[in-house]
Every structure is written in structure tokens, then in C-alpha cells.
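Here come two complexes built around subunit A, the first alongside subunit B, the second alongside subunit C.
Entry: the complex of A and B
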């Protein structure tokens, strides 16, 4: 893959951008839009050139819709992730390896920064600066393969995160994920750390399967959450009261609510107001919060205002094709390349994984531990497969999807195991064509033709 | 050694499907089960007939199963799914209910698929990953209680403590008998081969449990009567211990290779083998008592455990290797059986100087020669080492 040209934000949007609100952060500081602009146009392209690579295969490529100004701020949050984490870590904030797609309330409330495997990997890649896309990916693959050499070739790409921790590429203070149905590798990869030189403490919050109408499942998680928060608080030095946890729950609920409102706006709009990349980022932000829930919620609010304005004026997001085929995406960790899909005439209207996380609010009164436990057990994605598929079929209807792609990563035993069943149920319930695709390219921009071909062929068929 | 009781077991097994057919006509119900933590005692005590299902070693059935699941699932799961899809297995086609515990989550997925695609009634028993904690125990107690209630509804009877105690006594007897059969493997002139013991275990999953216990006791008696004194100047043998992923009935590839090359399997810590029968002591004939006993036995590798020095599974492995006087370990892993595969390197580290060979395989025959070469070198290495030790 040759080094393609680098993407640059055009100067003509600068004035408009810097006249918008900046971003508030949890430490009480505000970064102005002028500072964000300077970072995104001067500092970041120098430090992280790979992120600005305009190659369409670049799965992490920023949105082409430069007029959606919140999108630029989201890219800012992504590219400052490393600096913010290192700074907070140096100041005593513990960093915790967690599972993606789970409630982050407990971690943030206890004073930690939760980092999911995908973000650990990005963080590890960004620890060396000035790399172009190929160099950055090569660095990532080296870390990944060092993990596979130690553990197994059967491991999914998540092993990169564990290898980055083992190799001390990034400082993680606690390994404490939820174990759940989305991921087959997490439990066993956490276990591998017991045979390593480092002495990073470990804990697992078990997430019982088949938990419907079983109050003891939530009680079990409740006890574990108390243990988790105690462990984090011991590292952060934070005094944890119910009110501290409720404050965090209220903040994150606000983010989840805004993301849901945006989804409704988007789905009901005559023209999709933002493109697939920007749209998917909304739900992700409202679940992950990128190290700073205050900044993320602030950004979600700004995003909503912009989207409302676009819907009012019937503005279509840049990159969304005319008469776009509407695709709903299923599966964990990996998804089709949005740029390729849009070029082929489609737009992504939702994703079961991210939408599942934001679809359930945590109760804001009573026992906060039990409330978080109950909300997590309600995640549609973590239900029995038939129930999950029925919820997804409803999402397909609400989003007016005309096709469904279930994608899973090589090495994933749990999602792959139900890919066909979910696809079959959705097709039966909605009449919408479905397909499932296995890929092996998570974190790579090269040799992606096979999956691109399959996705494009499906779009053509739709 | 020709053992009449082995022939009797084979005969009982041959007639068992027809026997089950008759029992079903009389109103008896059959519960097929899979995994590691299903408390068979409860199924039996409710008057239901427990049958452990699932075979391996058949690449064709793997392909049949893969139509409904994916190639990223372990071959055992794929093959079992293939068996349910075809419904030609004499046991699977007679099942009235399938019980699966969630020790291995891939098997939990299997339960969802056979329920959805093949219309089998199913029941799931949740198993805590944090199995060593108080809250994990509490959770599992409630799960076993819930599981019992579901089975009671299915059977149309309530669980009686006396019936459960009877069942526990039978199963305790079976466990003791299997341990006795295994204990012969530590001897040089074992009256039964490991393969024989494995066949006896597999037969037991299908036979009536009381009848099976009687046969086991008869077998032990017969073996002890026929056991001879060890001969002197026996040939040097490579005593191989099997560890890792399960080796279910029908999967003989690795066993055949080891034996063809002159290795002698002397023991295992497989969940399809000896581990299943170890350290299970039900102190109280109640669902809670059963739950505690199951959770406190040797843990399955699918249940992660974060403290290496106190890992009961590894402690048992080390103990068994010594107990069976093994010369080396063949660690068998099925592709995409992450529970065991991810622990291969660690197990090697833990066993330190014990010769260790990992065989990562599937049910196809395409890797037969590659495995053969590796096992041959391993067996040769062990024998050479022993020969040199004798000379020195």
C-alpha cells in the first residue's frame, strides 16, 4: 500500500469552526475550538500522520463531512486520547482494561479510566509518533503477533491489547473486564496474565448467561461490582459513596439519552443528516466516553444541535449516496468499511452492538450497584440469541434498513456461533435480505479486498 | 487379557437403544446432557434417564454442523450440532430434553442452536466464572435449584431427598469404581489399557446407572482375580499422560497414533476422562449440597482462574502425572477450543521439566502424518531418555 495523500481540514471552514463552543472536560478545564482547530490542523497531522491518510481502505479514516463540525471535535477526542490518558495516569488516575460494549459507569465512578481492547491497541500504536498508515499498522501487527506467539494463533485480534500490556507498551493498572456473551477470548486472555512477569492486579466481573427472570443473576453481579469498585478505589484513592456513583450514572444516562434522540432524528429524517462514519461514532461515544464522560456528553449535545439543524433544513450528510441502500450492521468489534460501502451506494443505519449499550438506562435511585447490574443484564445484545435477534429485527424495522450484514472477526467463537441464527431470524421477521461475513482484517488496511467484494456484492444485490 | 465383563458391557451397550425405546413406550423420559457440571444425580433421582451425548472424530458430521454454526467454533461443537441435525444417532433421536451447562459457552451456543433449528426442548444450567468465590457459590446454588424445578416440571414429580440420596450413592459408587480402574494404569502390567478404561467410561454414559455400577464392580473383581505379578525385564515404554481438550467417543486419531508408535497412555486429566470422576463429594442430599459439590471439584479449564499458584486444575494435573508415573505429557487441543489452547504454553511452563508436546488438531485426517511425526519423535525421545538413564 503506497503512502496516499494526507487529508487536511480546509481553511474555509476555520472561522465557522472556531466560532463554535469548545469542549468542557471532567477536570473543569475547557479547550476552545480555536485550540482544537490548531491541534487538528497543525499538531496532530505531524504527530499522527496515519490518522490523516486519505486511503479509502483506512478503516479509521475520519469522516469526509468536514462541515459536520462536531465530527472534527470527536476526532480531536480520539487523537488526544493518548495525551489525556498519560497525563491522568501520571497524576494517579488508574487505567483499567475493560470489555467493550458494557456499562462504564462503575469504572468512571470509582475514579478510573476504562480502556477497551480496541482503544488499548490504538493507544499502543500511537505511542510511537510520526508514523504513516503502513508504519502504524506494522507496529500494531508486530504487537499482535507477539501476543499470538505467546498464547495462540486461534486468538482474535484482542490479543494485541493484552500483548501491549505484557510488553509494557502502555501503562495499565488493573485488568478488570466484564465477561459476557459478546467475546469468547476475554476471560482466557485475562487469565494468561497470571503467568507473566508483571504484577498488574486482575479481576473479572462475571456476567451470567441465560439470566432472564433470574434475580440472583443481578445480585451476583451486584456483589462483584462492589468488589470491582473497591479495587479501583484502592488505586484511585477516591472515596466512593452511592451519591458519587449516582452522579456518574446521571451523567452517562444523559449521554445515552442524547444518543438515542440522535438515532431517532437520523432514522426519521428524509435524508440521512450525517454519514455512516459520523453516525456510528455517536453511539460509540455514548457508551465508551473516550476517557472523559464530561467532554463526551458535551460533544453529544453539540452533535445533536447540529443534526437537528440539518434535519430541519433537509441537509444530507456528505458522502451519503442518493437513494442509499440502508444497511443495518450486526456483530462485535469489526464492521464493514463505511467509505467503501458509501461509494458502493449504501449507508449504515445502525449497529446492534453499540445501539444495545445505549438502549438501556441505569435507574437513578435506590441501590446503584444493583441498578447497574440490572441494566447490564437488560442489554439486548446479551440476551439469548432468539431474543437478541428479535430486538435487532425491530431495530431493522425502525431504521428502515433494506439489508443486514452480520460481520465477525476471525477467532471470535461466540459471535460467529450465532451469526447464521441471527441472520435467519431477522430475515424471517422482516423480509429484509441478510448475510454474514467473516473477516480477518481488524486493524489492517491491506488485503481487505475479499470482504470489500462481499459487502459490495451484497449492496448490489440489495 | 480377555475380560468377560468388557464383553458384557459391549453387549449391554448394543442393546441399549432398543431398551430405551421400550422404556419410552412405557412413559419414561430421556434427558440428553452435555458439558461438565450437569448434576446427573438430580436427573436420575427424578426418574428421568440421563444420557451423555456428543461424539467426535467424524469430519463429515463436522461439516453438517458447520452449516448452522461457523468454522470458528470447535470441532466437537460442530460435530454434535451435525448429530442433532441428522438425528440418526440412536440416542440423540430419542431425547425428550437436552440439558446443557454453561461451563463452556460454545456449548451454550450449541444449546441455542439445537433448540432453534432442530426443535429440541432444552434446559440451561448457568455456571459462574468466578466459581471459587462465595457469591459464585451462591449464584450456582440458585441455578441448581432453578434447574431442579424445571426438571421437576418436566418429570411431573418432586425431588425426594431419599431418592436423591439413592442416586448420590450410585454415582459415588461409579466414581470410585472408575478411579479404581484408572489406578491400574500406574502399574507396569496394567490389566486394562487406557483405551479399555476410556471405552468403559463412554459406555457408562449410555447405560442404566445402576446396571453400570454392577458391571463396573464385576469388572474390578474380574480384573483383580486375573492380575499377575509384574514381569521382570519388561521393555522400556514411553508412559504418556494426556491433557487438554476433551477426547470424546469416536475421536481416536491421537490415541491410535500414540499406541501405534509404541507409546502407552497411562492417565489423563481430561473432562471426558478421569477428571470428571474426581473430588466430587456431595455432603447433603439437596440441590444446594449438589451445587456446592460440583463447584468445588476440579475446575474445568473453561472457567478462568486468576491465581496460578492456587489453581486446582493444575495442581491436579501435576498430582496425576506423578500418580501415574508418566514420562511425558501430550497436551491435546482442538482448534478454537480456546479454554485449553490458550493455556498450552502456561501448562508447559508449570510442568517445567516434564517432556511436553502440544498437538493442535481437528477431526479431519489431513494432519495425521504431521501429528504422527511429532508423536513419533516425542515417544522416541522419552524412550531414549529412559534407556540412557538405565545405562547410567
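Entry: the complex of A and C
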């Protein structure tokens, strides 16, 4: 990466940007767009230069579509994640490791900030400031390798998150993943944190992987969720009532609904109104909420307005190639580089992993624990493989995809096991070409030739 | 030679060799093949210059150049870069239009490619995890037996027996081979086992993409007669005899694409 340049937001969009709404946060504060602009153009490039590296291979690179102003705010949420979490943590809000592909409602309702392994890794990388892309990735790789050395070289790259927690690179107060065994990293997670000297309490939320035709499954998870919320509330000091949980459910449902509406708008638009990076960021926001569901839902609403405007005026997102091949992405925790795919002539139209959680709303009346449990059991991604593949095939049809790439990480045993079966079922049901690619370089910008070559060849084929 | 015609070049920079083909009037006009060095720009240019020299042309005489292979990302001399999967498909179709299935074995990977009547790729699969089953693997084995790479296949054909070998890891296969040699196993029998283990690995790639006749074998390893025979046996097919050096197919496909891209871009009518 010797010729990397740093990306800058152009001054000519400043006036328009600062005239837009700011972002509301769950602590009741609002950050104005002028403050966001100041952070994104002055402070952040100084503190996190790697995030502004314009190298096409930079997998974490922000969108080039500087006129999609919500995209800049979304980058702001990403780059302030560290500051926001450290501040909240210092003020007594528990940070909780969550894993296993489930919803966040229960965690946020109990007064915690849930963090998935991907965000733990980003957070850990950002704890040292002023690094360029190579230095930042070297830092990430060192954390990853320390995890592999300590636990197992057979673990997927997500072991970095466990290593970062175990080595106290980031402060986590509770380890509370769902034991969803379609994630083979669960064994390594348990291995990292069991019998450790560190003092982080653990609560493994049990999840029946094989739950089809098991009427007891929802009640079983309900009991688990009650226990989880009680454990978190003991740390956060929040008094939990059904209404508190319903408030959170309503807020997160709103985010999920907006994300679904955006997907429909995007899929049916004559021209993709935003590029792959911005589109996937929307799914991520509605699934993860980046440490603050209030700010995320606010941003989703702003994004939707901008997208509606673009669809009305038939504006194509910057970076989306003409006659783009429409690719649907399958698999967990990893995906192809959006900038690279767009340069090669494609655009991403959806991904099963993130959209699975978003596609199911939680009922807003009755027993909130049972309602969350029921919604979890409905996630298409968590059904038996044929059923999951059928849902994905339907997504492929609705998004008018012209190709499907199933990508999985080296060490991800379940996804590697089902990749071919799911790809074959999708191909059979939709007639759309499919391929599957194993990658070993998650989150790295260098030495990615093996996977980019396969993705590029597939795009040429489609 | 008339210089008022258009010339199109394809340059394929692989991990072991850089190749180039110049086309004129739909005919192969000149070719170049040189070993790859660490500098892939230089390797590509060396191969291209060799072909230009043979043709008596200068680089400025070329209407369009397409780069392919792992070195395509750094090919400043090329107008466009295309993956070698597409290029092998186009190159094969250009020479052998009846071919529908290609086995491409290069220095660092092997590919199973299915194509249609126009040479468009309809499916492909590649080896994922290791150099086992590639030219590099055979190179390591040639080193173990201290023979020339190009002689490996012929030696394997003299086998009286085939030693079963593991096909999953180059490093493990090397130590397996050394221990077999130490136990007094005949080199030709071990080499026959190695070729069959690679052929089985390739057959595994075809379990997804399927096989349709005719079948073609491209890439540097296609020159290895032992490998060709082992693949024919494993896949129960007859491989079409190549009309040119099979190592040049990727570069040929790139040149074919150079011709059609330049036409699309209106550089000639």
C-alpha cells in the first residue's frame, strides 16, 4: 500500500451538510451537523488516519458518495464508537459481549451496550490512535495471533475479539453470548473465557439450534432471557419492568421497519440510489445499532428520506457502475470488498446474515420476554438449512440479484459445511449463478488476491 | 508484413511464468514466454517484448492490450485487466470451439471451468486451501527427486505400481515422499501416486461444476504427460490435443478479448 492517499470530505458540501439535522442520542443529547462535520474533517482524520485511507482494498473504507449525507453521519457513529463506549462505561453502563446472531433488544432494555465480536475488533484496533492503515491492520493481526496462540489456530478470525477482551484491550463487563451452535466459534469463545484469571462474569444464553416443531423452545428461551436481563440489570442498576422492555422493542422495531422499507425502495428503484457500502451500512445499523439505538434509528430515518428523494429523481448512488451486476451475499461475519466489487462492475443487493434479524419484528404487546424469544426462533438464518436456503432464494428473487456469492471465513465450520448446499438450492430455485469462497484475510487490505480474484472472475461470469 | 492492420496483445503474468500472445486478423502472430520474477510489471513486459521482437513490432503498433493472471493488477502497459478464468475460457474457445470443460493447472492454483459455445464462463471452481494439486506442488516434487520439472510426467508413466498418496498438503506430501524413498519405494511408483492424487483433487473440483465434452487441459502443467493421463483416468474423459503450447491459452484469451474490447470501444470497425 505504498501509494495510499487519505480521503477528505470536500469543502463544497459543508454548507449543505451542516444545514441538515444533527443526531439525537439515547442520553438525551443532540450532536449538531456542524459538530459532526468538524469531527469528520478535523479530529477523526488526525486520530484515525487508517479509516480515511483511500486505497481501494481498504475493506473498512467509507463510502465515496459524499452527497449521501447520512453516510457521513453513519461514519461519524462508527468513529465515535470508542469515545462513546468508554464514556458510557466510565459512567457505569455495562458493556456486554454478545454473539450468536441474535437480537439486541434484551441487552439494551436491561441498560447495557451489547457489542458483537466484529465491533469489539474495531474498537480494539481504535484504542491506539494515529495509526495508518498498515499499522492499524498490523495491530489487528497481532491481537488475532495472540488469540490463536492462546486458544487454537483452528479458530476463525473472530478469536481476535476474545483475545482483545481477555487481554483487557477493551473493557467488557459481561460475556453473554447466545450458544447458537451454528457458529463454531462458540467452542473457542467458551474456551477463552472459562476458568480465566480475568474477573469478567459470564452468562451463556442457551439457544436450541434444532427448534423446529419444538413447542417448548420459545418458553425455554423466555426463561433464559429473564435470567440474562436480571444479570445485566444487576450491573446497570436499571429497574426492569415489562414497559421498559417494550419501549426498547418499539424503538428497535422502528429501526427494523425503516431498514425493510429502504430495502424495498432500493430493490425496486430503476437505479440503485445508494452504493453497496451505504446500503450494507443501513442493514448493519438496524441490526447492531452501533452502541446507541436512538441515534441509529434517527439516522435510519434521515437515510430513508434521502433515499426516497434520490429514487424520486432517479439518482444513482456514486460508485454504482452502469449496468451493474447485482450480487446477493450469503454467509456470516465476512463479505467481499464493496469498492473492489463496484470497480469490477457489480453492486451488492443484500445479505442473508444481517437481513435475517431485521426481517422479523417483535410483537409489541403481551409478554415481552416470550415475544423476543418467539422472534428469535423465526429468524430465517437460524432455520434448518433447506428452509434457510429457500428464504434466501426468495430474497434473491425480490432483490433481482443476478448472482450469489456465499463467503465464509477459514475456521467457520458450520458455514463452510452448508455453503455448497445453500448455493446449490438457491441456484436450483432461482436459476441465478452462485459460487462460494473461503477467505482467510478478514479485515485485511493486503494480500487479498486469492479472494478478490475469485470474486472478480465471478462478476465477469455473471 | 503489413502494418496497416490492427494488432492485439494478451499478457498473462502467472506465479511461475509470464506469457504473451499477439493476434492479427484473428491469427496468432507471435508469442512470448519467460519465467516470472518478483517484479510482475517487468515480467509482463519481458514476455510482451519477446513477442513484439519475434513479430518485428513495436509496442506502439498494438491497438489494445489486455492483462491477466495474478500480475494483472500491476500491468500499466495494459488497457484493461481481466481474470485468467475468463481468459482461459476465451482462449480455449478460440482454438477449440467444441470444448465445454477446461481444466487449468497453473503454478499456484487449479481451476475447473465450464463454458458455453461462445466461450463464456458458466461456472467455475478453484482449489481453496493449499498448493497441493498445482504446478508449485509438482515443482516441490521435482526438487525431492532431483529431476527436471518437465521430466516428472514421463518418469511417472514408467511406474509398475501406484503408491497411494495424500493430496491435501504440499508440505505433508513432501515428507510422505521422502519417507517412501527412504523405505526403498521406486521413484516412478511414487510419482505415479503423486500424479493420481492431484488428478483426484481436480476430480473433486468437478463434482460441483460438472463435466461436459469436449474437455481441454490448459496451463503450464498441461505439458506434463503423466498428469494428462492421470486426469483422463480420474475423470474418465479424453482430453482434446492442444493446437498450441497450453501454457499460452490465458494470454491468447486475453488477446482475443483485447480484439473485442477495442472493437466495442470503437478503435476499429
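Assume the second predicted complex is superposed on the first by the 454 of 462 C-alpha atoms of A that agree within 3 Å, B and C clash if a C-alpha of one lies under 4 Å from a C-alpha of the other, contacts with A are read in each partner's own complex, and residues count from 1 in each chain.
By definition in this document, contacts are C-beta pairs under 8 Å (C-beta built on N, C-alpha and C of every residue); 3 or more make two chains touch, one makes a residue touch a chain.
In this text the structure is predicted, and so the values were computed from the model without any measurement.
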- Query: For A:154, is the partner it touches subunit B (first), subunit C (second), both, or none of the two (neither)?
  - Reply: first
- Pick one for A:190: touches subunit B only (first), subunit C only (second), both, or neither. first
- Classify the contacts of A:438 with the two partner chains as first (subunit B alone), second (subunit C alone), both, or neither. both
- First, second, both or neither for A:318, with subunit B first and subunit C second: neither
- Which superposed partner A:420 touches (first subunit B, second subunit C, both, neither): both
- Message: Looking at A:267, would you say it contacts subunit B, subunit C, both, or neither? Reply first, second, both or neither.
- Response: neither
- Using the touch definition from the top, say if A:206 reaches subunit B (first), subunit C (second), both or neither. first
- Task: Name the contact category of A:411: first (subunit B only), second (subunit C only), both, or neither.
- Result: first
- Item | subunit A residues touched - subunit C or subunit B, whichever exceeds | B
- Note on the structure: In subunit A, both subunit B and subunit C touch residues 420, 438
- Query: Can you list the residues on subunit A that touch subunit B in the complex?
  - Reply: 150-152, 154-155, 179, 181, 184-185, 187-195, 202-204, 206, 208-211, 214, 216-217, 219-220, 223-224, 384-386, 408, 410-414, 416-421, 425, 438
- Quick one: which bits of subunit B touch subunit A in the complex? Just the residue numbers, please. 68-74, 77, 102, 105-106, 108-110, 112-113, 116-117, 124, 126, 128-130, 135-136, 138-139, 142-143, 146, 304-308, 311, 335-336, 338-339, 341-346, 349-350
- Task: Provide the residue numbers of subunit A that touch subunit C in the complex, in ascending order.
- Result: 420, 433, 435, 438, 449, 453-454, 456-458, 460-461
- Contact footprint of subunit A on subunit C as seen in their complex: 70, 73, 82-86, 120-126, 128-129, 208
